Each structure stands twice: as structure tokens, then as C-alpha cells.
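Let me begin by handing over the structure; questions about it come next.
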Amino acid sequence: MSELLLLFDLLLTVTLLVLATAAIMSREPRRAVILYIAFGLLLALVWARLRAPDLALAEAAIGAGLSGALMLAAARRATAAKRQHASQPGTKGETS
Amino acid sequence: MNFDAFLPAAIVLSSMIPGALIFFLKEESHRLRTVLNMTGALVKLVLVIWMIWGVYDGHSYETRLTLAPGIDLVLSADALSVLFVALSTLLWLVTTIYAIGYLEDSPNRSRFFGFFSLCVSATVGIALSGTLLTFVVFYEILTLATYPLVAHRGTPDAARGAKIYLAYTMGGGALLLVGAIWLQALVGPVEFTQGGILGNAPEEIRGTLVIIFFVLLGGLGVKAALVPLHGWLPQAMVAPAPVSALLHAVAVVKAGAFGIVRVVYDVYGVQFAHSNGLLFALGIIASITIIYGSLMALTQDSLKKRLAYSTVSQVSYIALGASIFGPIATIGGVVHLVHQGLMKITLFFCAGNYAEALGVHKVSEMDGVGKRMPGTSLAFTLGALGMIGIPPVAGFVSKWYLGLGAAEAGANWVLAVLVASSLLNAAYFLPILYKTWFRPTPTQWPAEHPHPGRLEIGGALLWPPLITAALALAAGLFAAAPFTPLEWASLIAEREYGR
Amino acid sequence: MMIDLLALAVAFPLLGAVVVTATPSHARGLGLASAVLTTLTSLVLSLGVWRDGSVRSDFGGWGAPLGIGLQADGLSVAMLVMSNLVALAVSVYAGSYFSATARRHFWPLWLLLWSALNGLFLATDLFNLYVTLELLGLSAAALGALSGTRAAVAANLRYLLVGLLGSMTYLMGVALLYSRYGMLDIGLLAEVIEPGLVAWTAMALMFSGLFLKAALFPMHFWLPPAHANAPAPVSAALSALVVKAAFYLVLRLWLDLFDPVLNASVANVLGLLGAGAVIWGSWRALRAERLKLLAAYSTVAQMGYLFIAFPLLVATPPGLARDNLLAAVVLLAMTHGFAKAGFFLAAGLVQKTAGHDRINELGGAAQALPAATFAIGLAGVALIGLPPSGTFLAKWIMIEQAMIQGLWWWVVVIMLGTLLAAAYIFRVLGHAFNREPTPYRFVNDARTEIPALLLAFISAFVLGLIAQPLWTLLDQGVLG
Amino acid sequence: MTPAWAKVLIPIVLIAIGAVLVWAFSLAALEGGDRLALIALERVPESGVSNPITSVLLNFRAYDTLLEVAVLLTALLGIWSLGPAAPAFQPASPILGGMIAWVVPLLILSTGYMLWAGGHAPGGAFQAGALLGAAGVTLALGGDASAGLPGETRLRFLSVLGVLVFTAVGVILMALGYGFLTYPEGYAKWLIIFIETAATLSIGVTLAAAYLGGEPRDERTSRSAT
Amino acid sequence: MITQFLYGGSGILLFLLGTWSFIVHPPLIRKLIAINVMGAGVFHTLVALAYRGLTAPADPVPHALVLTGIVVAVSATALALAFGQRLDRDHGSSADDD
């Protein structure tokens, strides 16, 4: 039982880290955001496993859901703008 | 709070409050501004006379404001401070009158008189400082208050002069600050005490104390225009004449010289300074400055610059007096604080008058001004003779005591310096006097502004130099009478060496 | 009936923000009313602490470690008084500064920022501090972007992001402390904390986060553009208060919590960074072409002095000297608050009159605005550290301590910074003296000029000469 | 972009920090014990609600939550101060429109449930508010330019409602002599529900308005999603 | 205990990943994702240490902290995105770089 649980925990953790890395490494904004949402949902699942159902709900609704929706809209705008001003040199949405 | 504890503060505030109020006045409110100025000056005079009386009677006045544990702002009156306060107050009154006349119809007068009053407040604060910290505070405030006066005209020249002035004085202020804090870190709060406080300093810190002395001297030497820190003084000549007068006679250079006297007598103690060779070093620096200033004055054609270098030279007499061990030289140095002030302010007033009435700025243009402006020229002549040291004008008294003191201390080289300097003084003043009185009047002055009245120039401009010249003469003629600068200086010397 | 001034100091600006959000057409009147009310509350609270000692209030009646409370001691009250007076002056100024549309946005955000500040100074709970930090960061960035230029928006976006990075780092440290000690209340933690890897790491995380927010060199890069491009009253608040809040937290956490953890080498690193800030910030201020940029770089430099105090504090054994030093640091922070706020407010007026703030072309504006020029001059006196400003007194004490401890290096840095400051301040003031003919009236628009002038005046005269009450105040739970 | 040396250096530094962090964390976790768990759980019955997290959020550490709602308000005000919103989205496809017709009511229903359940089961004001906000977002996705939000006056009022009720309750309790945010015995449950309801409305409205972006405009149709 | 280590450690990893990404990736959206991953890391650590086994109820205090943190994070994200949108809107318009 305990070994099985540990295996499950390991699996969750590895998936979580892989998703996070994928979200971070993705250059394409839309793809990055979608990966981030997936990461958030998985995180919610992990938290449910860690006996934090309230947080799981909140993370799914707010962390992954609303943040994701907000960023998705922004990513969509960015992609559209990039297509529009393809010829124009610029540093859209960049801050360094 | 009883009155004795408030009087020193009141003397500072009597010019500071009018000054602060004047800033808020509209440019057109001449009358109100004049009233404020004169009220401040007169109130200060009354308070100072009161204080002189009290100090003479052995009363002590002290205002103490604790800023932080162990850090007190102290204003107190002793004989030396009263001397300087009296000089500043008197000359401020005269200079204010002069400035009101001089700046008629020029722009930004509210700003000018505001800073003018602050400048005097700072000077009086320096005079009354009872601790080194307080001295530093007012010393820096003086820098701040004089900068706008130097820059007042707003011309590119003025901006340059002000910048140089600031660079020097800020640097000097920083040195003084470091020195003062260093000293405090070593021996605790430094209160000015007759006879000094370092007399029984432990042997192992003596070396450090000597270093600190030179750091402090560097800081004070900037304002006192000791060579090679005098560079700002000729540049600051761009300021309006009343400012130059005040800067040279009362405020800035005097503050530096006064500070040197304070540090030598009331911090280090003349005994300590003497036995550690500090006095000798100071004497050398002062002598070099005296000779160098006179030589430079000789080469200047601009009247104000010649006077400026003369100041460099003359102010160092005070330092010289402090550097000779013995009460008589001390009297000479301290009394010169007053005498030089009276004479130099006269000369600057006169220079301002020549420029204002005739457009004469250069020595070479002064042919025959005596006939055209006899009153001003009379005052100028008295001042110049005093500077050379011709009896019975005040300057003679100072030099006499300095020489006597030097002879007594066996410092014959000082006598040589005095003689050389007097000859040089004569060399750069006598030609002016000759031109003034014995050369024909030219047909055309550089830029003449005829004065409508029967006087050669407005009364507010004529009377101040006459008064100060008369005072300089009186200080020499009646030197032995009670309450003269000389008598007071003797009192100071007595107290410094007495303990 | 019970009046809990601690709660009200946070609740009043919060309620004010609510009210002005709901009725934007009356934003100015209601906003000013809340400002006055908040300031009064804080002053009464401070007076109480000054007279009777620190006060604490536990919300919900649970008490630490379960509940949260607010606490006012000498240190927090000193910062509270400074912030509220500055904020009040900024409010009065802002009442006339902003256009009608900008006003609608300014007031609610401004009051939220104010409640965050008050909440931060009074907080006792590490997580509660995180929330106030975020409230502060978000409202500050939003306010900074109110001028609407692209430069302002970009700079404040960067500020927002850097602030977030800082708070996240801080939060990680808090999480670490909670996992080890199981509590969040500073006072309780202080009793159990012991030097070791956990405390050390937590401190490093929390302090790095706060250094980012305090713009400690070399993490200052975000500050100059953000502060220089914000509207003047906001710049004033950002430079005078917001970065100061982060410094306050460093000081507070160090004194109350990490004292056993912090050793001389850590303090020396802080001092070294501070020295870097002093030199670099002053140098850049000297080279700045624009007045507000100059002021912003000057903030970087002035924050440096505050951090130089750490090595001095560590080197000084407990006692009167250390107490003096501590009070000097607080005095320095307070003076800079007043001075920089006054400076920015005055700079805003100059900028508005001239239409730009390029220093070399400011002559006419300076001449036309004597009050603003004066404010810059007075604030400059305090920024340089000339007497009789509070900075002078503070620097005097710091230098004296450094000399007594034989730490000459810091004396050199402080003096160098002072001279550089004199150079950059007088570079500005030099332009006030020119031959532009303008009718002289000292005060032209009282509602904007008087606040600037008063702030500058307090920094240059009041704080230095009447510093004694600060010592009394700090005796309440900080010194000794 | 980051220079080449930084590309190497940053990960190395971070890995080092990470090693220290993990080490410190393992030490901390080992010695941590029960932390506040027992104290908190023990006092949950006194808090007026049976869900421990809600007790912490709205009673033990209610002041934190008040400031948190204020942070949300700040974000919204900041968004409004940045000017008008981005161009509207393209109208929804019929399928999406059909979905919205049943998703939105469902979301609003679950908002109510979540709010109520928060007292004793997983849920509470934030989750409920998020669902409400999600309803607004769904409407916006469906092409509703106002995301179902009311006109400016009411929108402003709703957005501050949470902070207003929270603070007002705190101050009134203080004035009554209980202390700021100190609920009198027996009233805790109802006061918490009152605050939560207000907070839920505010959170929902704020999230939806934040999603839309831009200042509120008066000409908006005042259709309410609430 | 091992669960706490596992999840706590992964929280720290997430925090570091986020920090790294925040520093090296300039686009706003990537920075925001990075910040959110950092936050998630901290929250995850807190949730992990609140966990007291399958049978015992978890520590509610960290949970409350995390809930607060999530809301703060979404607020900050929304505000930052509005900033970014404002910059995009201004992009290309002239004479506003003053």
C-alpha cells in the first residue's frame, strides 16, 4: 500500500516537474500558457492528494483557471499582434 | 526658560526670523522689507550691547539644545565671542543700510536680503558657538547662506564664481567636519574652554591630535583664505559690493580666522599648541599668506581684486597673532579681527561707490576721483592708510601689538614679515591714493550715473563708509579708552593666558 | 465603546479607498478627508506610544501564534509618523496636481497604498507582512504608471515584476521559518530562533527579497526609470516611503528576529552594497540630465547610507553608543523621507511650469517658482547632509562611531557621498540664479507649493534640531 | 538577452541555492513537529465554522484575508487606470453559445453552493468568487462585451463590497467593544457568512472585470450576472 | 515524512525553475508564467509541510496562507497583463517616449 502510494507520489511529482519545465521552456506563448494550465490542474490534483481539497479547488479555479484564461487571452492578443506587425521590428510585451 | 539662557539664541534669531520672513515678501514691498531689516539689525544691536555689559560683569549666557545624547548645540558668550558678535552686529547694520541703497531697483531683492540676514545669523552663530559641533553647524550654514549671495547677479561669471566658491567651501567644510568628529571620537564632546581642553591629553594620542589640528586648519583655512586655499576669494568678487564687503570684513574670511583662534586657544590651548609645534607651523603658513597676498595685490588692476588679495594678506595677521606664543601678540591678532573688519568694509563700500557712481572698476581709471567724490575718497584714504599701518588709524595698533608680541617671543622673522608686508601694503595702496587726490580728473568717466541730490552719491551709500572709516580712526586714536576693541582684546588675552 | 487606533490606522485609508472608488466624482474631497483622518489616527497613536510605551492589539481575540495582531513600538511609530505626514502633504499636493480623470484613478490606489504602508509598519506577523508587501507593490506600480507615458508604463511593469520576484523570495523564507518553528509571529519566533542553517537560509531569502524592493545596489536598476517617470506626487511617495518600507522591514527583522543570526560578515556585505549604492547612485545623479532622474538616483544613493549603518551597528557593542547609532539610522531614514518627498513635489511643479525637467534648461522655471526652488534647496540641504538637517546629525553620529571603531573605510564612503551629493544638488540650484526677468512672488500656488516647502523645511530644520523626541520614542521597545 | 556568461552562471548559482534550500528544508521539516496544526484544529469549534481553513481565513487570520481582498481591489483599480480594454473578441460560434446557455447558470448555482459549503466542507468565498468570475469569463468568451457585468456605478459598488463589508464589520465590532474583527460569541457564523457573501460578489465581479480589462464604461448595458 | 520531503523538495525545485525562467526569459508572458511557477513552488512546499499523513487532518494555517497567496498571485498576474496590454496598444504610436 505504502509503496504503491509512494510510486504514485513519485509519478505525480515527476509529471508536475516535467509540465512546469515544459511550460517554462516553451517559446510559443499560447502553448506555454496551455502547458501552464495543465500544470496548475495537476497541481490541484496533487493538493487534493495532500489533503487540501479547498486549495485544490482554488488552484483549479483561480490559479489554473482564471490566471490561465487571462494569460491565454493575452497570448492570443500577442500572437495576433505578431502576425499583424510581422514586418515591423519590435519587442512586443518584452521587459528585461 | 530664563533670559540668560535665551539671550544667545535671541541674538541669532533676531536676524534669522526677519530673514525668513523677507523671503515671503513680494518684490515691491520695499518699505516692509526695510522695516524688517532695520528692526532685526537694531534689536540685535540692543541685545548685543546688553550682552557685552553682562559679559564684562562676568555674567555667563548659555543656550543649550540637546540634539541627541552627548550631542549638544551650545550658544554661549565669552569675551572672544562677544567681540566678534559686536563687530558683526555693528557692521551688519551699516551694511544693510548700504545694501538698501546699493540694490535700489535691482531684481530679486527679497531673495537677496533674506540670505543676507541668514548670513549674518550664521556669523553670529559662529561667534557664539560654545562647542566645536555648534561651530561646524553654523560654519556650514554660512556657506549655504553666502552661496546665493555670490551667485546673486546670475551672470555666467557669477555662476562660475559661485561654483568655485562652493567647491572650496564645501571641501573645507568636509575637512572641518571630519576633523571635528575625529576629535570628538577621541576626547568626547569638544566644548570651547578658555585655556583649551587638551592640556592633559594622554601622550599616546598627541600624534593624532596634531594630525587633527591640520585637518581642522585645512577646513578653516579655506574660509580664512590661507594660501594655498585662497583660490575662491578673488573669484567671489563677482558678488554685489555689499556682499563683498560683508564677506571680507565680517562673515566668511572672518569666520575662518575666528575659527583658527578658537581652535588654537579654546580647543588645543595655546600651551599645548606651542609645545607641539603647531603654533610655529601656523605662523609659517600665515606668513606665507601675508606675503603672497600682498604680492598678488600689487599686480591687480581691478580695484576689487586688489582689495580681495589685500584681504588674503590682512586676515592672516589674525592667524599670525594666534601663532605667536604670548599675550601681547594675541592681543594684536584678536584686535585685528575688528580693525581689519572696519577698514576693509570701508574700502569695499568705497569701491562699490566708485563703480556705482562713475563706473570705475579699475585702479587705472581712478585718476582724480578724489575731486569728484571727496567723501568716499576720504573714507577710502583712511581705510587704506589703516591697512598700511600708519598711525593713528586702527591698523597701526594691530601691527604694533603684533610686532611687540613677536619681539617678546623672540620671533624676529615675524618682525621681518611684518615690515615686508607693510612695505608691500604701501606699495599697492599709495599709488591709488596718489591717483585719487593728485591726478587730474578725466573728461569722461567710464559710466557715470549722476546723482540728483547735493551729495556726490545717495546718502545710504555715502554714510556707511564714512561711519566705518570714522570708527576705524577712533579705534586707533582712542585705543586706550575703555570698551575699545583693544581693551577688550586685552581682556581676552588675559583670560586665555590667565588660567 | 473601544477605539483601537492600530486597527483604525489601517482601516481608515481602506475605508477611504472604498468610498472614493464607489463615488469617483467626489474623489478629491473624500480622499482628502480620509487622508486627514488617517494622519490624525496615526499621530494620536504615536503620541500614545511616545508617552506610554508600545501597544499591541490582537484581532479576533486569539492572540499569537494563532491569530494576527498589530503592534506599535518606537521604531514603527517613528516610520509611521514620517510616512503619514509625508503622505498627507502628498495628498494635499495631489489634490491640485492631477487632472479630473487622473484623480479618479489616483485617490483609491493612493489610499490603498497608504493602508499598506500603515499595515506594514505595524505588522507583527511574517505572512501578514507578505500581504502588505504585495498590496504595497501592486498599488505602487499602478500609481507609478498613472502618468500614462510609455516609459512610465514600461518602467512600472518592470517594477511590478521585480517586486513580485522579491515578495516570492521573501515568502519562501517565511515558509522555511514556519516549517521549522511552526509560527509566524515575529515576537514569538524571536524567542525560539537559533543560529543555524535554517534561520540563516530563511534570512538570506527574506532579505534578498527585501533588498530587491529596497533597491539596494546592484538591485537598484528598476528604481530610477520607475520613479523618474511616475507623476510627481507618486514619485514622492515611491521614493520617500515605499522603498523605505522595505528598508524598515530589514531593520525590524534584523533587530527583532535575526539578531543572533546576523554576523559581522553579513553586515559587511550589506555595508559594501550600501557603499556601492552611495557612490554609484550619487555619480549617476550627478550625470543625470533630468531633474526627476537625478532625484531617483539620489534615492539609490541615500538608501545606501542606511545599509552602511549595518556594519557599524554590528561593530558597536550594546550600550549608549549603539542606541545612538540606531536612532541615527532611523533619523536618516525619516529625514530622507521628508526631503525626497519635498524634492519630488517641487520638481513636479518645476516640470509642470517648464513643460520638461531637463536640468540645463530650467533657469526660467526656477526663477518663476521661488517657493519650489527653495523647497529643492532645503531638501537638498538634507540630502547632502548639511546642518541643521537630520541627515547631518545622523551622519555625525555614524561617522563618530565609525571612527571610534576604527572603521575608516566607511567614513571615506560617507564623506565622498556627501561631496557628490553637494555637487549634484548645487548643479540644480546653480540654474536658479540667472537673469530671467520675472516678477517675484514667493508663493504662486499655495496648495501645491506649501506642502513641498513644508516637507523640505521639516527635513532641513525640524528633524535635526528637534531630534530629541525620537530618542524618547525609540526608547519604547527598541533601544536599550 | 542575457549574456553568455550569465547563461552559465545563473543556473549554477541557482542550483547551489537550491541545494542549500533543500538541505535547510529537510532540517526544518524534521524538527518542525505539529506546528500550529493542533492549536488551530483544537479551536476550530470556537470559530463559528467547522471547515478549518475557513476558520483560519475568516476568523483566526481574518485580517490577512481583508488585506488580500484589498489586493484584489488594487489590481482591478490598477487595470482600470491603464485605460480602455483591448479590442473585443470575435462572436462565439453557435456551439459555444449553446454551451454558455447552460454553463453560466450552472456556474452561478455552484457559486451559491460553494459559498454555503465553505462553512463545513471544502469551498468558501474565494472558490465561490472564482466560479462567479468564471461565469463572467464564459459570457465574455461567448461575445458578451460586458461579461455580464453591470454599469459603472453598480460595478464600482460591487467591486468594493468585499472590502467595505469586511472593514465595516471589523470597525463596528471594535466600536461595540469586542475589538477589531473580533466576533462576539454566537454571531461568528453569521458574520462570517455575511462577509463571505460580500467578498464572493466582489471577487467574482473583480475577476470578471479584470478579465475584460479597461475602464468601466457607462454605456454598458446593465445586465447583471449576479 | 517521506511524502513531505518529496513534495517539499519538488516545491523548491519549482521555485528555482521559476526563478531561473524569470531571470532569463524576457517576454512578459513567460515572466508571468515563471512568477506563477515560483509561487506554485512556494505554495507547494507549504502544502507539503501541512500534510500530516493520510489519517490526520492537515495543518489548516499553511492552507490558508496558500489560499491567500493564490489570490494575490492572480491579482498580480492580471495587473501585469493589463500593463502589457497597455504597452502593446501604445506600440508604434509616435512621440510618447518622453
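The letters A, B, C, D and E name the chains in turn, as written, and every chain counts its residues from 1.
Quick note on the criterion: contacts are C-beta pairs under 8 Å (C-beta built on N, C-alpha and C of every residue); 3 or more make two chains touch, one makes a residue touch a chain.
From a predicted model like this one, the values you see are computed outputs, not experimental measurements.
Enquirer: Count the smallest number of chain-to-chain hops linking chain A with chain E, moving only between touching chains.
Expert: Shortest path length, in steps: 1.
Enquirer: Using only Cα atoms to place each chain's centre, name the chain farthest from chain E.
Expert: B
Enquirer: Give me the ID of the chain with the smallest distance between its Cα centroid and the all-protein Cα centroid.
Expert: It is chain C that sits nearest the middle.
Enquirer: Kindly indicate the chain pair that has more C-beta pairs in contact than all others.
Expert: Counting C-beta pairs in contact per chain pair, the top pair is C-D.
Enquirer: Quick check for the class: compute each chain's Cα centroid; which one is farthest from the centroid of chain A?
Expert: B
Enquirer: Any idea how many Å lie between the Cα centroids of chain A and chain D?
Expert: Once rounded, the distance between the two centres reads 19 Å.
Enquirer: So how far apart, in whole Å, are chain C and chain D when each is placed at the average of its C-alpha atoms?
Expert: 30
Enquirer: Averaging over Cα atoms per chain, report the distance between chain A and chain B in Å.
Expert: Comparing mean C-alpha positions, chain B is 76 Å from chain A.
Enquirer: With centres defined as the mean C-alpha position, give me the chain B-chain E separation in Å.
Expert: Result: the chain centres lie 68 Å from each other.
Enquirer: Could you pull out the residues of chain D that touch at least 2 other chains?
Expert: Chain D, residues with two or more chain partners: 1, 21, 25, 29, 32, 34-36, 40, 53, 60-61, 64, 68, 71, 74-75, 78, 82-83, 86, 126, 207, 210-211.
Enquirer: Residues of chain A that touch two or more other chains: which are they?
Expert: Within chain A, the residues that touch at least two other chains are 54-55, 58, 62, 66, 70, 73, 77, 95-96.
Enquirer: Please list all residues of chain C that touch 2 or more other chains.
Expert: Residues 66, 127, 131, 134, 138, 141-142, 145, 153-154, 157, 161, 172, 178-179 of chain C each touch two or more of the other chains.
Enquirer: Flag every residue of chain E that touches chain D in the complex, lowest number first.
Expert: For this pair, the touching residues of chain E are 1, 4-5, 8-9, 12-13, 15-16, 19-20, 23-24, 26, 45, 49-50, 52, 56-65, 67-68, 70-72, 74-76, 78-79, 81-83, 85-86, 88-89.
Enquirer: Inside the complex, what are the residues of chain E that reach chain A?
Expert: Residues of chain E touching chain A: 2-3, 6-7, 10, 13-14, 17-18, 20-21, 25-34, 36-37, 40, 43-44, 47-48, 50-51, 54, 57-58, 63, 66-67, 70-71, 73-74, 77-78, 81, 84-85, 87-88, 91-92.
Enquirer: Which of the residues in chain C come into contact with chain D in the complex?
Expert: These residues of chain C touch chain D: 1-4, 6-8, 11, 14-15, 17-18, 21-22, 24, 57-62, 65-68, 105, 108-109, 112, 115-116, 119, 125, 127-128, 131-132, 134-135, 138-139, 141-142, 145-146, 148, 153, 172, 176-183, 196-198, 200-202, 205.
Enquirer: Please output the residues of chain D touching chain C within their complex, sorted ascending.
Expert: Interface residues on the chain D side: 20-21, 23-25, 27-29, 31-36, 39-40, 43, 59-64, 66-68, 70-71, 73-75, 77-78, 80-83, 156-157, 159-160, 163-164, 167-168, 170-171, 174-183.
Enquirer: Could you pull out which chain D residues touch chain A in their complex?
Expert: Of all residues in chain D, those touching chain A are 1, 51, 53, 86, 114, 122-124, 126-127, 130-131, 133-134, 137, 207, 210-211.
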